[in-house]
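Below is the structure I would like to discuss, written out as structure tokens.
In order of appearance the chains are A, B, C and D, and numbering begins at 1 in each one.
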Amino acid sequence: MRHFIIDCDTAEDDIMSLFMLIKNGVSVEGVTIVEGNISYEQEINNALWALEFIGKEIPVFPGSDRPIVKEFRSVPEVHGKGGIGDEIVKPSKLKPQSKKAVDAIVEISDRYPGELEFLAISPLTNLALAYLKDKSIVDKIKKVWVMGGTAWGRGNITPVAEYNIWVDPDAAKIVFNAGFDITMVPWDVIINYPINDKEWEEIKKINTKMAQFYIKIYTHYRQYSMEKEKIGGTPHPDLITTSVALNKNVIAKSEKQTVDIENCDCLTRGMTVIDFLGLWGKKPNVEVVYEINKKEFYSMLTDLLNWF
Amino acid sequence: MRHFIIDCDTAEDDIMSLFMLIKNGVSVEGVTIVEGNISYEQEINNALWALEFIGKEIPVFPGSDRPIVKEFRSVPEVHGKGGIGDEIVKPSKLKPQSKKAVDAIVEISDRYPGELEFLAISPLTNLALAYLKDKSIVDKIKKVWVMGGTAWGRGNITPVAEYNIWVDPDAAKIVFNAGFDITMVPWDVIINYPINDKEWEEIKKINTKMAQFYIKIYTHYRQYSMEKEKIGGTPHPDLITTSVALNKNVIAKSEKQTVDIENCDCLTRGMTVIDFLGLWGKKPNVEVVYEINKKEFYSMLTDLLNWF
Amino acid sequence: MRHFIIDCDTAEDDIMSLFMLIKNGVSVEGVTIVEGNISYEQEINNALWALEFIGKEIPVFPGSDRPIVKEFRSVPEVHGKGGIGDEIVKPSKLKPQSKKAVDAIVEISDRYPGELEFLAISPLTNLALAYLKDKSIVDKIKKVWVMGGTAWGRGNITPVAEYNIWVDPDAAKIVFNAGFDITMVPWDVIINYPINDKEWEEIKKINTKMAQFYIKIYTHYRQYSMEKEKIGGTPHPDLITTSVALNKNVIAKSEKQTVDIENCDCLTRGMTVIDFLGLWGKKPNVEVVYEINKKEFYSMLTDLLNWF
Amino acid sequence: MRHFIIDCDTAEDDIMSLFMLIKNGVSVEGVTIVEGNISYEQEINNALWALEFIGKEIPVFPGSDRPIVKEFRSVPEVHGKGGIGDEIVKPSKLKPQSKKAVDAIVEISDRYPGELEFLAISPLTNLALAYLKDKSIVDKIKKVWVMGGTAWGRGNITPVAEYNIWVDPDAAKIVFNAGFDITMVPWDVIINYPINDKEWEEIKKINTKMAQFYIKIYTHYRQYSMEKEKIGGTPHPDLITTSVALNKNVIAKSEKQTVDIENCDCLTRGMTVIDFLGLWGKKPNVEVVYEINKKEFYSMLTDLLNWF
């Protein structure tokens, strides 16, 4: 059985990623929460509320509510104030752990050394801080899956930077240079595989409780992405990354390359720089995903939506 | 008749660009020399030597031999120590002007207000300094054609920066923000249109004096580009830009966008940042060329090689 | 009784600071170790070895062995490879704790809320990481005493930066902006109060075990400071800061000011910028010590040297 | 006879500096105008108006109206909108030259090679651009006198940066690294030698046309400096630098040191970094003035005020 920590700045796509892990029989050892998409408190509430929806008691560990050094901004305009649209939900019973994410990551790494996988669909602050506390997690965490960065310099929060990396480029720099086994799914790759109108309508017809839930929580994000970012449907950065983590066949093309992070406070803050020419003479540190097998992903998505 | 200044860091592709202008009936009012590919003295000598080869007395104006603020390096490994391979040539009679490029640019702008075109196949130091001396050249220079930058963050001197812009990112920032009417032909666009083996052999068969000259001065650059940069033939950054300037049909696809330059001393120094999302809310300032009509370019090249 | 954590990159002056705390009846709850002066392992060993010398079992918590984001270098040329000269010492029995400094700082803060004082005579990485893990320590730690920075832009590791701040300017920026009650003793203040030749000879005559120990461990540092840094004796950055923490009368002049840290990777990296003009309109966050009562300090030092 | 160019962002202290040069028998070959204190147009007008006041026809050359790369702001709150208070004056007859400052500097250097002195009481844009146009001016200009920078990191426009250097730190970096023979008079030195209340009253009693003029144009600046900057009188940054250039005895203490400029866009932008420890291993490039002989300066000032 595979053991995961999932690190969330909990909006709609984080929630479905969590569900996809569970649906696919992975043991989710913890959900760690980090600054990002919306208000920090709501991110925690969303995670607990989502767990109540599927009736699972997985520990939710609050982590960092700010980048290590820099300033950032959340993006309620993208995901709605509630992260699942403008509605503000609350868990009815579940509570977050008092243990901090940084400690949870270290402890869970100790519990499953060489087995634990870390799914980062969020800024990398929590993982960076855990690493700074205990460098031995590099050897204990088998795999780090990162939704973030760009392959071709086409960002979302700035022209060249993707949001997750931009929020805390220092954390990203720490993580990318720490020696983890990283697979990175870039923003300007995943936007080529949105859920288009035809698929959206197909999903509506599934009509399970889960499919209704999906339609409801993605409506705001879908609209924003299509209107403001001119994407041809709902993008699924987190969920595609999750499906990549679960199923190698979702990757149609990838390359092991050397990647570093621009962490200056400048025009290009938060850019992922890929040394595709080998100019730095450094060992490749990241498997960069360049193409997705859309069919495979879509099949995993509909499988999830047919759960219940 | 069109009036041009051509700004060179004179290697093989600069020379053929100069020839292409003349062959196409353009009035070249001056060649300005700037720091870049090889030793500054040799850049001047190459320009004069090339003019002697075609028997034209066009004034060559020495300009800046260094970036405005930053440090740079020349790239003799790419073009050979002599810029046309390792051979070091000298003009037999022609001499450079004593007038400085910065003054020549201002004066020629005054001579052909609203008509002059500036072909920058080189770092932008000279044009930036001319602008800083006399801002009115913005209105007098009809068009600035720039070989430089990247469209997709695929550089040559660093992973994300193209050489010409990298050498003097401050100059580029000045020029790109000055209000000139700029068309930019990016490095990661032109490398899709190299002169491949078949074409190279065809050119050999042309066997004019010009074709022999071409084969001779490009051999080093061709070899370097194919072996070290894994390009499928000889790239023609300067010459494609020149053909774009001469003939609109060479452009297969372009877009008017807002472009700024990363001029920090950091990982991404010299990157051209294209605000493809319109996040900055600034008026588009650059026509970015995304696709080239290879046939049209190749036809202009062979036309040139058949000159004499 | 006052409760302290002392944060050390353990060289000679850190050791005497630890002794001074204990001699003056303070309860030292822990020694936390951080990257800095010499090899990290030796810094731990020095702390344990020093505790054995005075026969005290105070827990030593290993912390960060590197700055949060940036690169740094240790300075064995200043303190000797062993930090007390070139001799490499080892504790005979004592061992470091397995608990990490970041956790120890949070736990001890919880144990003595509103009472704990943090004496940072070292880069600020440990305190910054503890704060990033648990922001509530800002209210629990009564006082942070910092040896570091400059008052007049006269540094030691660069022309304008003092070593402790330079090593981890990001950590310093985090700590200085967190809201702690900070008193800062700058390098270019303390170098005005070295132990001069006359005092050095007086100390030799004290001839206690402690005075002999002092002479032995400071000889390398004294020589380096006088020869290479042209200081008129042995500087005591850490020990003066410790005496300031213990005894208000050691401060002859100080001012509450707004201080921020230059954390760019540039000429001025690690500089403490004091907004002495109030240009930023921010609330003063640091008591900056400008003058020392040398007599008071010297009396505390000789008192310590007469301990046993 | 000594030959000078005086470079001005013409406010009250620039005007008196120009007068002091002339009064002391120096041949002022040109006044070059640069962006700085107030609106560029008014700076030109002030220079011409001042020349009309003393009846001298010295050519005024317009130069750069902006820093080379960065953004800046003028400081009418300091000098008044008119630079001599809020009154806006105009020359009645004199006109600026059409020749640009950058060309004038090069030509006058050619006219007096090895003799020309450049008095920069202003941002260094014009001199930097002249140098970038023609590097040979380094050998032709005998001496560059700079009012600018700080000796102890006590600035005026930011906590650590003095206005002239801050406005165009890139220009300053170019000039300071070009090889000129530079004497620099720092802001945090000259503010120790203001014209105090007693002297101000003495000057009022002189009651010449010039003394009345002095009182009138300095009233705004005096008030601002005393109220807002807590200086004990009227500071004379430009005029003290001018007196230093004219009379070595005005310098009470100076040191030849290596100075570089922080030109990043960061907290410390525009700081003059003095390598007082020799850490960079570079040849000293600047004579830094640390103390002024106030009596000598005051005597030169009153001598000027008694002119007519």
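General remarks:
The definition used in the following text is that a residue touches a chain if its C-beta (ideal position, glycine included) is under 8 Å from a C-beta of that chain, and two chains touch if they have at least 3 such contacts.
The chain lineup, named per UniProt: A, B, C, D = Nucleoside hydrolase.
As the structure is a computational prediction, the values presented were derived from the model and not from experiment.
The best fit of Cα atoms from subunit A (Nucleoside hydrolase) onto subunit D (Nucleoside hydrolase) calls for a rotation angle of 180°, in steps of 5. Taking each chain's centre as the mean of its C-alpha atoms, the one that lies farthest from the centre of subunit D (Nucleoside hydrolase) is A. Rounded to a whole number, the gap between the C-alpha centres of subunit B (Nucleoside hydrolase) and subunit C (Nucleoside hydrolase) is 56 angstrom. Spacing of subunit B (Nucleoside hydrolase) relative to subunit D (Nucleoside hydrolase), judged by their CA centroids, is 41 angstrom.
Averaged C-alpha coordinates put the centre of subunit C (Nucleoside hydrolase) at 43 Å from the centre of subunit D (Nucleoside hydrolase).
Listed for subunit A (Nucleoside hydrolase) are residues 264-266, each touching two or more other chains. Contact residues on subunit C (Nucleoside hydrolase) toward subunit A (Nucleoside hydrolase) in their complex (touch as defined above): 64, 68-69, 100, 102-103, 129, 132-134, 170, 173-174, 263-265.
Those residues of subunit B (Nucleoside hydrolase) lying in contact with subunit A (Nucleoside hydrolase) across their complex are 150, 152-156, 158-160, 229, 260-262, 264, 266-268, 271, 273-277, 279-280.
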